[in-house]
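Right after this note come the structures.
Each of the two complexes below includes chain A, the first together with chain B, the second together with chain C.
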Partner chain A sequence: MSDYKVVPGPEAFLPPAAAMMGIELPDPGEGHIEGRIVPEDEAIEHAARKFLGAKVPTIFPGPQILWHWNESAAIKAACVREMAEILPARLIPMADYRPKYPKINPEVEINPNHPNLTIWHNKIDVCLFVGVHCHQANLALKIIRGGTSCYTMAACGMSGHEDACLTIRDVHEDTLRKLTACIKKLKAEGVKSQAEPFEQFRFSREDRKPAYLT
Partner chain B sequence: MSIEKIKISEALHDLMPPEYQDMVEDATYGNQDRGWKDIGESKELIEQHSLCAGCPESIAFRYILASLPAPENTVFVGSTGCTSLVFPMVAVHNIHSLFGNQNAVASGLKRALKIRFPDVEKDVVVLAGDGATVDIGLDYTMQSWFRGEKFTTICFDNELYANTGGQESGLMQKGFVAKMAPVGKLFDKVRLPEIARESGCHYVACLTVSKPNRVEKVLKNAILVAREFGPTYIQLYTPCILEIGKQSMEGLDEMKDSEAIGGRFVFKEYMTDEVKEFLKQKDAEEKDRKKAAKLAAKEAAKA
Partner chain C sequence: MNKPVDVQNRVLKGYSNVQIGEKSKYKDTQTYTDPNFLFNEAEVTPAFMTGSEVIKEAIRRANIDLSVAYPITPQSEAAALIGELYAEGYMGDYFRGENEFGVMSQCAGAAFGGARVFTTTAGPGTLRAFENFPMWAGSRLPIQVCVTMRGVNSPLSIQPDTLEMFFLLETGMLIWHAETAQDLFDFILKGFIVAEMPDVHLPIAVCCDGFFVTHTKDTVALPDEKYVLPPYDPYKSPVVCMDMESAPVRMMRDPFVMKSNYISYMTQASWQLEVRAAIERSRKYTKALIGDLIECENIDREIIMIGSGTAVSQAREAIRLLGLDGIPVGLVKIKTLRPFPHEEIAEALKDAKKIFVPEFNVAGYLAREIKAVLPNNDRVVAGPHVAGGMTMPSEVIADEVKKALGMKTSGMTARG
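Take a look at the complex of A and B:
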């Protein structure tokens, strides 16, 4: 097993891919914490603690749950929304993977080509990727680890991500509910959320601006 | 993609940027009557583009996307060139192939879609520049026509390699001097529409994009014919205003000049006799459908 640890950056302008440093993906029923393979439940509890200890916990939902392309996607979206409300955490969508030149609005969106802008602008210290296609998540996770000090977590529907500081794999509705239940349990045990107060932005079609700006 | 899948998850709907909310609610997916006249009236399937201001290619993109008969069941195959800068901004499935092999990729894709979705008509449309179609990819382009592959090939003909600085292409006109072709073209423009006709294309058209009605009609014809008969080819003159020394507002004039009598892009359309008959029948059906819809709307208004 590798001694390398997938810890928050900034590691380098171009950090090495964690896989190249010997980090392996977890098997089914497992996750990894900073590259160390652990049972899924341990990874979920660690994720819950990281979220509750964060000043700006943020969830980045991707196209696979933003779009109602099957019933499971819509249920996962509802699970993510519930989790964000219970934590509480900001929700910043990764609606698409376009470069969006000349600029993006880092306050209300993130995309894999310059995720560091969103992290820097909002001072995000812990984030969770969910519903982002793997190849784009890999790109974004590497850029974030390269240029920011954000702790990255990836809830992946497939095999997980080496480049996240924490990953769980084969994520479906029940996994997301388990994470929410774990957050609730920790809160009931007295673990307080350290999140700074914030207002979740909402887009309205009418004025083309986030509702909190109007 | 299918039209049933173009909806946003209810729980996260308010987080989605408004352009997506517009696309779901105001775009023309599934509308049988969609056409270029929807531009400005409904959400377009092109969000932004990174082409130069006034580029005729951007106009062509808008007309084509507005005129596709079934965008929700269409896949574009593109290639390297100015067009590849636009595809990431387009709300229709698309594949960026390696430079020149777009027709080979489209062949496999069309066959795979036919097997995967036997009950749905999935349109494959190749959209590439003249470098990819006529120079680097000519072999793949023609081989797909020889094989009778059932998809449409569109060539955006700007008569040179535009985004690499103006090198000579096969479709450049004879004698033209470009920034990176200082000697001037020594041989004639390749006559690809004629080659297409002789290579097995059932419907071929060569035109500019100065007349949106005509672009719409040609595109719809080409796609309908490709579904039923086999390969079709459209060559659209989309001049590169930068490389021919024109201003942003002069693209339209350039196209109009080149399609005037005696110009390089006088409207040409070839089709086989059976295609002619087929299109005639389709036009009649379309007319009847619109008439019936109009009558029904009138009666509904009365009621």
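Take a look at the complex of A and C:
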């Protein structure tokens, strides 16, 4: 059995892929916490507690729920927004995967090729990837683990992400609602959100101007 | 591993293509069949056929959208037989490429577009196409290429030689090596399923030894041809549908790749690690479908032979000959080179005093791979190996063992 743990960094100049360190992905109905396989419900509750205990909890919605390419995507997007409001958590989109040059605006976006910039700029201590394509999510999760101390979580519609500190798999709208319900339940039991006050980002055309035009 | 993989309970978990039971879109006499049923429960009938014909029979049941062909010995017959399948309506499209580089590029184009793609190549064809293989892997394209291995050296040889598989090892592809025609049939069909899993999603090279497997008749157990694999689902791809505005294409044409800074290189390195990680993830699906990554016989013996492909067949006969002389020898057959079964090999060989690695190539690369995962690797004898299309008589393997034991040999080595 591997004794490797998928924990927040900064881990290494080039952190290894967790799969190469012997970390298996969960099977259906399971999740993993720092590499340990657990029932899905346990992972969901752990995610809720991590979110509520964070100073800058942040959700990174990806293209699979940012774009209305099918009805399920729209429903999942609404579920994610509800989760962000209830926590509360910042929503910082990973709208696509293009490398952004001359620079990204880390207050309003995250990019898989240099996700550490967004984490550092906003001092994000706990984040959730949702709706990000698996390859790009793993790319970003490794880079975040390598150079930041952020606790990473991934809600994946496919098989999960061993490069996140916590993952749940086969995520659909019911899974997202379950996570939101768990957050509500913990709050009702007296667990207070530690989130620092913030203003939720709203995207505008003005924000989309290239840096050299501003 | 943080979770042991159950090899006994060989059910593929996490596979949920929903169109089971529907008629194939290509051949209405075929229905999409749950791979767990097809591989574990469907009745089979024995057939006696060449390896090339076996490739055809596997592809008949594989629900291929496209196959691209280009002639090179010894895969030409298989490529031509797949053309017959196209004529009979078993696949979406089939054509001849301009050359092997063109073939593999065309396969990439089709796979980028969401097609299940199969092709075959061999020897110099593999090398001519080579730039495409790491590109396939980096682009996460689950294309299958059947490599019917032959010599790649100059002076030219069309005879069996496994050197090209060595060249493929670090391309980021899954590399499976079939010993027999039955392996070849099973690996082709099962290879699609493993390669297309969302967390794997890599190209796969199903390799076999040219002529020894492709042109030799063998008995193969075939499920009824009414069964066909469910279609590939491109929406389960771990990368976005490719266009010029998406990575990796965008990444390749973008100044990003030219930047000399830490994070640019880090992204490239992480991308490569992710491909290697996907190879690791394939282990549990591979084990669910083809059993453990190695097969062991009598590994409690002090002398063990370990190999892959038809070197295993020759070793098996050598072990019988040695047994007649009262020398007990065990056998380990390696089925997958990528992922490499390092833990399994280390465990199987932990008590061996002497380990022999017969190989059909001049480099002895498999012996090097095995040495790299073993403590006390001075136990490993890198040989015998032959090259350039030579056969490897079982007597030569037996002699290698006897020589190491200080016994009189048959003198087979010097025979012409």
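Things to note:
Following the convention adopted for this analysis, the second predicted complex is superposed on the first by the 204 of 214 C-alpha atoms of A that agree within 3 Å, B and C clash if a C-alpha of one lies under 4 Å from a C-alpha of the other, contacts with A are read in each partner's own complex, and residues count from 1 in each chain.
Methods note: contacts are C-beta pairs under 8 Å (C-beta built on N, C-alpha and C of every residue); 3 or more make two chains touch, one makes a residue touch a chain.
If you're wondering where the values come from, they're calculated on a predicted model, not measured in any experiment.
Contact with chain C, but none with chain B, is seen for A:2 once the two complexes are overlaid on the shared chain.
In the overlay built on the shared chain, the residue A:53 is in contact with neither chain B nor chain C. Touching more residues of chain A than its counterpart among chain B and chain C is C. By the touch criterion stated above, A:10 is placed in contact with neither chain B nor chain C.
In the superposed pair of complexes, A:135 makes contact with chain C only, with no contact to chain B.
In the overlay built on the shared chain, the residue A:202 is in contact with chain B alone; chain C does not reach it. When both complexes are overlaid on chain A, the residue A:73 reaches chain B alone and has no touch with chain C.
Once chain A of one complex is fitted onto chain A of the other, the partner contacts of A:20 are limited to chain C, with no touch recorded for chain B. In the overlay built on the shared chain, the residue A:95 is in contact with chain B alone; chain C does not reach it.
In the superposition on chain A, A:143 makes contact with chain C only, not with chain B.
Of the residues of chain A, those at positions 97-99, 101 touch chain B in one of the two structures and chain C in the other. Taken together, the chain A residues at the contact with chain B in this complex read 61, 65-70, 73-74, 77-78, 80-81, 91-93, 95, 97-99, 101, 108-109, 201-205, 208, 211. Put simply, chain A touches chain C in their complex at residues 1-2, 4, 14, 16-20, 22-28, 32, 35-37, 63, 96-99, 101, 112-114, 116, 133-136, 138-139, 142-143, 146, 158-160, 162-163.
Touching chain A in their complex are the following residues of chain B: 5, 7-12, 14-18, 20-22, 25, 47, 50, 88-89. Those residues of chain C lying in contact with chain A across their complex are 1-5, 13-14, 140, 197-199, 201, 236-240, 245-247, 250-251, 254-256, 259, 263-264, 266-267, 269-271, 273-274, 276-278, 280-281, 284.
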